[in-house]
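As structure tokens, the structure follows; a few thoughts come after it.
Chain nomenclature is as follows: A, B, C and D, assigned in order of appearance, with residue numbering initiated at 1 for each chain independently.
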Amino acid sequence: MYSFRNDYSEGAHPQVMQALMDTNLEQTCGYGLDHYCQEAVNLIRRLCDAPKADVHFLVGGTQTNLVAITAFLASYEAVIAAHTGHVNTHETGAIEATGHKVCAVRSPDGKLTPALIEFVLSEHNGSEHMVAPKMVYVSDSTEIGTIYSKAELTALRECCDKHGLLLFLDGARLGSAFTAPENDLTLPDLAALTDLFYIGGTKNGALMGEALVVNTPNDHFRWHMKQRGAILAKGRLLGIQFKALLENGLYFDIARHANEMAYRLRDGMAALGYEFPVASPTNQQFPVLPNTVLQQLQDKGYAYELDHVVDDQHTCVRFCTSWATPVEAVDQLLKDLAACK
Amino acid sequence: MYSFRNDYSEGAHPQVMQALMDTNLEQTCGYGLDHYCQEAVNLIRRLCDAPKADVHFLVGGTQTNLVAITAFLASYEAVIAAHTGHVNTHETGAIEATGHKVCAVRSPDGKLTPALIEFVLSEHNGSEHMVAPKMVYVSDSTEIGTIYSKAELTALRECCDKHGLLLFLDGARLGSAFTAPENDLTLPDLAALTDLFYIGGTKNGALMGEALVVNTPNDHFRWHMKQRGAILAKGRLLGIQFKALLENGLYFDIARHANEMAYRLRDGMAALGYEFPVASPTNQQFPVLPNTVLQQLQDKGYAYELDHVVDDQHTCVRFCTSWATPVEAVDQLLKDLAACK
Amino acid sequence: MYSFRNDYSEGAHPQVMQALMDTNLEQTCGYGLDHYCQEAVNLIRRLCDAPKADVHFLVGGTQTNLVAITAFLASYEAVIAAHTGHVNTHETGAIEATGHKVCAVRSPDGKLTPALIEFVLSEHNGSEHMVAPKMVYVSDSTEIGTIYSKAELTALRECCDKHGLLLFLDGARLGSAFTAPENDLTLPDLAALTDLFYIGGTKNGALMGEALVVNTPNDHFRWHMKQRGAILAKGRLLGIQFKALLENGLYFDIARHANEMAYRLRDGMAALGYEFPVASPTNQQFPVLPNTVLQQLQDKGYAYELDHVVDDQHTCVRFCTSWATPVEAVDQLLKDLAACK
Amino acid sequence: MYSFRNDYSEGAHPQVMQALMDTNLEQTCGYGLDHYCQEAVNLIRRLCDAPKADVHFLVGGTQTNLVAITAFLASYEAVIAAHTGHVNTHETGAIEATGHKVCAVRSPDGKLTPALIEFVLSEHNGSEHMVAPKMVYVSDSTEIGTIYSKAELTALRECCDKHGLLLFLDGARLGSAFTAPENDLTLPDLAALTDLFYIGGTKNGALMGEALVVNTPNDHFRWHMKQRGAILAKGRLLGIQFKALLENGLYFDIARHANEMAYRLRDGMAALGYEFPVASPTNQQFPVLPNTVLQQLQDKGYAYELDHVVDDQHTCVRFCTSWATPVEAVDQLLKDLAACK
């Protein structure tokens, strides 16, 4: 039975694997200083219309988040995040382990707004007795599937400028966000509006890898990477993959597929009468299902993730699609769901 | 004009100073291993009815909190605190700087309850992807002046036992809490109900110093102290002061005075029609005053602390009394306040 | 021109790549909890004759070292290493960034001995004023190519037992060490003699990956991994690779080839009169060459690493071979070297 | 029997205690922002001929060292110290606990030289794979009693300038260093030659306290202090003490006395035939004594500190004098020593 547990259940997209095969026996220097990484850097700069940006390749999301945050903050500085933000919930205190406080604020849709940021700031008095919030962390798409519009991100940028804050966008699921119908953001927008952001590979076609675009200079970023064990010896593996993903639009083509499968699943479930507390235009869908139905799906072998308990008899769960999800798998799921009692 | 800004505006209680003078030229060994510290330890064990407790003397509250928390937590473990808790707000990220997350939860009265603790736990799934909450941090009196009853603390203990949590009580203002009329807790209660707690000296008669009572063994606590710069070379200074404060009840006598001054101030302000959003039975009082009145008080030279903005025209401020507050100073303040327009 | 700069200039061994291709579209659960990882774990347990060992797969050496060390040490505990040890020199303070001191001691051959360990211990008095050395870190092969005999490792184990120390062996180049003619250690020996060690994949045939074998229980090791960004989302990639490398002896076959190429290079250089200050039976060779000769090699396009300056006219450099080094490349280098003036 | 164990066996100098008594009931604001601290700051600036220096008061040496080092270093930067340096040996890894490596180098007399610093630098290649040494830590007097001349400190400054390093001088025993006959350094010299240094109070007449003079701007130094629990609530206690010590030269007068007692002890022991492996012109003296003699001294009740084992029958020990050491105590010790068999 096809698993909808997450978007990293398979290996890499076949074209990515082929690129790794084609280059496998070539010798290059290590640590991401090879020509493939350089070509991927140049490509990303071009796509972002950001010729001066630094681009670094890291292996995974938590690693990228912790290196990026600690590299830009002094020890008494803190990062503001939505309560649902990955750095606040699902990284086992990785940010705090580098010494920094995450100032979390509850948000109904997983997104930050200038008002939420200013609420956090209002609880800090600027004195040496409190941390100094210095960075804003947002995810696009968010951990609950929502996305930012250009107007929203622009407002965040203005808020950050007003208060001297850095803006960091976690793009672990950027492909899905950018191929949602309502998206109006582009890579050049992100390069212009954020201090740093990343293009996630792990959850969209790569074996592993995140491409971090740093628009605000940091001369010693690679020192921070190395200190946290985040420089890959065969760094070219990341450059080769991002080159394959980005040079002909593959990255967005496959993300679009993931979204289409998610909408098909969403619409099918809605037609069966199930509700989605938060509307998600991306590849994570969070329906509320009766526990009896969930049990029947499990019995049939389906995998998904628990999100939260709604009441004694209902649970909100996550179904996740990916570049690899076949349309037949979605249809089969809907058919099996329709058959549940 | 007398300052009500805080409870550490003066030096030490004269009897404490006298004890320091009397012993000043005596030679002892360093680092708190002297006979005065040992006598203070024995006295505290006796007062707590806890003959096996470890007692450590530290210089200040933030230092005590950060050492105590990091000494008892593994790096992936977190501490639960009220959003207003000192460790969450006024320590410049000291806990996070030792690598640990503070899981903060909003509480209307600055106190934690089993329900609030279990709410935090419910947001953690016990997997390796999330921090493991392992300790509960409470303050008595709290940062907004409220206190715990024996029933409330017993309920916290039961909640902690049920979930395998440690209970740590910050007693920076324990004297004021314990001499409030509604208090029904005793030192033996604290020793029985918490894993560790401290008796605050800085805010109640000492030059500086907190006496940490550790009821759960930790063989290397002094290693943690030293690593954080928290072993005082002339450690006896702390032992001598706690001996002076505790051996004849001075500690509680002077705390009672601080409370009485606070009640006189509170009742006088209430009689003038001012409101106190949270009822405080201790030496911190938080009235809401019109900004115009505050300006007049300031012009007269009064010092207090801002707590939070209520609306455009009103601010909630803190007036703090201490062992040293003269009754005349309170009466003068009330008289001056009554004269404000 | 073939590069002898390091042993991670190419991708993965073709059989490893094939295994990744063969499994690429299969769905598995994430984070190393899949059946491939489980099979690799079982295989490693069998090869180590250690049915109860925990096995964890991590991406690279620095990451493995920092997670392993911090997971086993209390904050006041330190790790003893040779001055040349990777954790002391080439990790940008990664161990210190987790809060732990590396107690380094000079060793002529890159190896630790009971005498060196006891020298470090003799400089620590066991009081709370000094770190408590708790772990011994060794590499096999070492950073300068030498290896441990079974007698030497047994002596280290006895020394560790005597002083209550943990023994951690960095096996980033374990394949090369184990296939040296003078080696008499086996995987079961390592499992029996160390508290934890790893089988390095990155430098011997894998795209990336280290298999850490933990013989001393640590219930929360995966929490430490996650907190340091060291759980790979598609963890199966590591399991699949180690299975391919270890199930038919490929790992040792290809390491033996790397060594043979190193010996051919070493013997050829020695025949040309060049000296090797430290005898290395493994895939890293450190000849002393005149700077004029090095310049000529560079001009021809050869890549190697500087080790240290010997005098104004001579430099000790590292030539590194790997599973992928062709015999022709070695012969060409020797021929070109012979032609240098 | 008088204890020569250390220079913090008594309380404070009587004039310091009197200053605390005289000001005890005055109200001031907290955290070192009071007028006494400001007066002490102004006095120190004047004595240092450094009107723009920042001056911070901290409670003890380890605390001062860890705050000063972490406040000035990025996380990948390291501090160079003599192997005997306090930060390397006697602080339980406090510097590493803030994330920074201490690069220790053996020095025969406890002092650093440009050659030793450059030796450490030569072992670092400036790449992202190694820590970047950024600060030099020296003590004056050193942990083994030696002192720096103006020429030596000037040479260190030039070396630091050449290599872009900060120079930090631990003056826990600065009084003793500055009143040694061979000293030619002054406070203005220190302010001109170092980036930061401190005037130690704990070991020369204060209850506790170190006055850190920061000549290189650091806007958020107090944030670092607070985060490490190093802002004293009643900060005025430190200002009052330093004012009393420094305003009429008391600090140097009493240090001179300590030195004179040390010389009397040293010369008396030398006359008895005992040797001092390292010549110390300050208040710590390190003779080598037969173990049989040490046993007799102990039996008589004398206290000193073990330094290191010389051979089976001899130990190098430390005798420490202070502002409080009576001449009679020295003479009695010498008499008792002469009577040992």
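The definition used in the following text is that a residue touches a chain if its C-beta (ideal position, glycine included) is under 8 Å from a C-beta of that chain, and two chains touch if they have at least 3 such contacts.
Because the structure is predicted, anything quoted here is derived from the model rather than measured.
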Counting C-beta pairs in contact, does C-D beat B-C or the other way around? C-D
Going by average Cα coordinates, which chain is farthest removed from chain B? C
Could you state the distance in Å from the CA-based centre of chain B to that of chain C? 51
Would you mind pulling out the distance in Å between where the CA atoms of chain B average out and where those of chain D do? 33
Using CA atom averages as chain centres, what separation in Å is found between chain C and chain D? 42
Contacts with 2+ other chains: residues of chain B: 75-76, 91-93, 97-99, 128-129, 223, 226-227, 231
Chain C touches which residues of chain B in the complex? 70, 74-76, 98-99, 128-129, 132, 220, 222-227, 231
Per the touch rule above, chain C residues touching chain A in the complex are 2-3, 5-6, 8-12, 14, 17, 20-21, 23-30, 59-67, 91-94, 97-98, 202-203, 207-208, 223, 226-234, 236-237, 303, 324
Note which residues of chain A are touching chain B in the complex, please. 75-76, 78, 89-93, 96-97, 99-102, 104, 123, 128-131
